[in-house]
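Shown next, in structure tokens, is the structure this report addresses.
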């Protein structure tokens, strides 16, 4: 049984500069309790994919394909049906805990709001549950804290409150969009630990969106690498990080400086990917990575590659994956 | 990095403060496509053209009294008819445009010059200087323009000059606040820090970085203030404390015909419509300019 | 990996630097509270070396950068750049010295004036510092653009026509144009995409080798600092809790805060 | 909060004090001797001197200022030179017209502004929005006294629903009195409402783009619930500020519109007093009007603190 099925999802946005193809033919599925990471750089379509699953795309977005939650087709839902699903079956944690909380309401009220919306609770029950929830996400003096306003909390505490809001109705699916980008590393560790603990405890499916490979590796089992709106490589965390096959994935992995406590990499040059992330309005006709890829041929530039199944957990959309893998094996590291 | 750079209206990076536009080519395209800008410029040029024309030619002498022709209906000779003294209404309205433009230019000039200067000083000096300038501006806000004009007129006597002065003084705090707020926003940007790190003085930074970046906001505000000045002058003249006879003025026309509106309503319609069209044109122009010059700059009235 | 040191002169010496901010009063009848952003920091960077400054948000690292740049006046302490105490100099006296140290900021979108062309932006430190003839300024701007991998034709463009990485190159060109010895880089890559971050880090390295630059690299990313710097200072609550050779600190952190910080870094699985 | 209050109250007091200084000394240099005004130019010098003595005009300026301000604070206003009645009495009659008029206009403009502004914002870029914005653009451009004239033409002259001006007095019953204020209030409220409507729209639109609005939608709130619970209160923070600043303009507008409708309010009184060189009256009215503006702005600031918890707490 699957919890979430995304089938050939495409999202485009009508902008003043033209039509931007934000997501192209994205497909994946997720069982209950599964964890999936979507990794990529700015403009790769990862946030748009998440917002599509939540039905919160901007008004100028056009969506095709299918998203099914427990076999219910979400894209054909009415607004009222969406409202019933959001915050109840699917919940989301956003990137900026600073601006994602309403500054004029106390946090307790912001958490309870979602509870009252989806469940028939008495005020006392909701209050009790909110206190328990705040304790679950690791906020001390919960009964006192829920009267506080967002500006009275630290960044880490605010993100904990955001998580509490997401968990208010024990959703089946949690989407986390860059949940730790705005916080310090020590807080990041705590927040990731908390999310990890909670998805086990609540048995939720998780879709984690991040540009940070470290965050992805810490939380999820399966990864989709997106580039220019396209899933270029899909696989288990171990496969993607140790045996990547797409030239972009390989390039990305080798471009990250990492702390290696045994050897010194200092003064060594990092391998780089030349060029810049493409403009969504003006995408290469073939493979989206073709204009930055050293292996690109004319076919790459004109015909988009179809994903090749390498193993049950590994799919790559590249014509030259054998050469890319060979290069990676003998690579600079 | 998130997907913030994605285009799209609700998720677009409206607070990222990134410059998306202002390339010369796109400015022209936006200008031509902007309907309210076009409408505003047409109305405003009409006003300016009318004033200019009246300097050389009007159908009749706007001040010549002709009792036999009084309250004439529109005719070939008098397109809009005549008033209670037999003066040609079209000619008065045309000449009245001069008055409105003069008031607007001088009053906005006073407000712009002193206001922007004070605002820039406040933003670059910070500390108690900023506090002082802003408190004085707050204080001036407590005096509505009419009240200020009334006081000036009470002390210095009636007359166009005092009215213009009052309107101009009233515009100072608006420009000062706007200039300070926009200048502060620019001062907090890193390129100003870079200029400071390069060793540039506050005056040079203000001149080279701050002013060019806030000029579009100021221009937009100037058109809006121009409109407000025209309105205020009309109101003051209507009350009899603005421009004095025989200078033709739309506001005074309205007060002169007030008792006659029951006989000939059109007498009241023309000058009012002239004021409304002028103000509308300037407001539309300001709105258009705001979008055309810089779509990202936040503006407050 | 230690490169031979060209000489033993100090590019930057900071002695017991303090900066205290007085907070706005929230109670008339109590003394105003103050906060020590930088509470007694001392370090030195030898010419040609790179010091990495790590710490979490609010630890005082940006204030320290501003103090060194002479953008803020320290409450106490000394900043010596190439031997001159910049705190003792007047604005006029400091002016000619400024060409010796430049800064690169974090935000490639905010650090360039949108109303100026690339050549105006890059020429700014030159114009502010000396009265060089126009043609000479032009030549040096082109040279600086060339150093960072931008084309001659880019000089007439405006910042918004560039991507984030290219904008950061423009910012680096502006810092380079006076041929400084010391560059303070305040989070130079943290706003960039991973694939572009590597390009910029490499560029900074190449420039170091070519012009024997000294860097003070401020970053919250420990991996970047480990990759780039000879020495590291770990800052916490306005003071250095640990300061020393990168290899030593990353292998055997002695302060508990450094340990916490290092433990919090997520290991990126790499192929072995 | 306490600190905020103290700070706000002290600026309030300082503004008022500065306003009295400015008004008093500005009117001091007023040409024309009040004694001559009262007695006429032909009056014998001795009589003028006696009256000056009686009015206290030959005392030092500072002394007279202190005298005036201390009486003003106790609510003891002077005696009008021309009307020979206490100013407080004059004011009571006149304020009974001006204050209800201003309040009616304010209430009306807020109703217009909020309904149109919120409607336009929620129908952003659709026909309704364009229409509302067009109409409000027109509303801003019309001079209020001209609109007043046009309203008289239409509703009083042509339709005969209202009187063309004048005020029957409150003793004539509340309905006839109120009826006389309806057209003036509409004339005032149209312009104010149009300005405020545009502002409400842009503030609402701005707030609708905030991240916390997306959070609210992600909780499952529908657009309407999000608007009422999360958008409006935040949008009001800036709208309320503008409302306060608008109040000064509203008072100014009242002066003009009273003149169109021949309403014996404060506006008419001040114009007459200037014509009559009646310093005592002008001084007290100007001070009173300024005080009203400043008090409204104080109220706005306090309202602000009520809406925005960031201002209320002490740890900001």
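First chain written, first letter: the chains are A, B, C and D, and each begins at residue 1.
Throughout what follows, contacts are C-beta pairs under 8 Å (C-beta built on N, C-alpha and C of every residue); 3 or more make two chains touch, one makes a residue touch a chain.
Just so we're clear, the structure is a prediction, and the values are computed from it rather than from any experiment.
Centrality by C-alpha centroid: the chain sitting nearest the overall protein C-alpha mean is B.
Interface comparison, A-D versus A-C: the higher number of contacting C-beta pairs is recorded for A-C. With centres taken as mean Cα positions, chain D sits 54 Å from chain A. The distance from the centre of chain A to the centre of chain B, each centre being the mean of the chain's C-alpha atoms, comes to 50 Å.
Measuring from the averaged C-alpha position of chain A to that of chain C gives a distance of 32 Å. Taking the mean of the C-alpha atoms as each chain's centre, chain B and chain C sit 46 Å apart.
In chain D, the residues that touch at least two other chains are 315-316. For chain C, residues that reach two or more other chains under the stated contact definition are 193. Multi-chain contact residues, meaning those touching two or more other chains, occur in chain B at positions 1, 10.
Those residues of chain C that touch chain B in the complex are listed here as 66, 69-71, 91, 94-95, 98, 102-103, 105-107, 109-116, 121, 124-125, 128-129, 158-161, 171, 174, 191-193.
Contact residues on chain A toward chain D in their complex (touch as defined above): 54, 56, 79-80, 83-88, 91-92, 94, 96, 99-106, 113-114, 117-118, 149, 151-152, 162, 165-166, 168. Against chain C, in their complex, chain B makes its touches with residues 1, 16-23, 189-191, 193-201, 204, 209, 212-213.
Across the complex, chain C is touched by residues 41-42, 155, 184-186, 188-189, 192, 211-215, 217-218, 237-238, 241-243, 251-253, 255-262, 264-267, 269-274, 276-277, 328, 333 of chain A.
On the side of chain C, the complex with chain A involves touching residues 1, 3, 56-57, 163-166, 193-199, 201-202, 205, 220-224, 226-230, 246-247, 250-251, 260-272.
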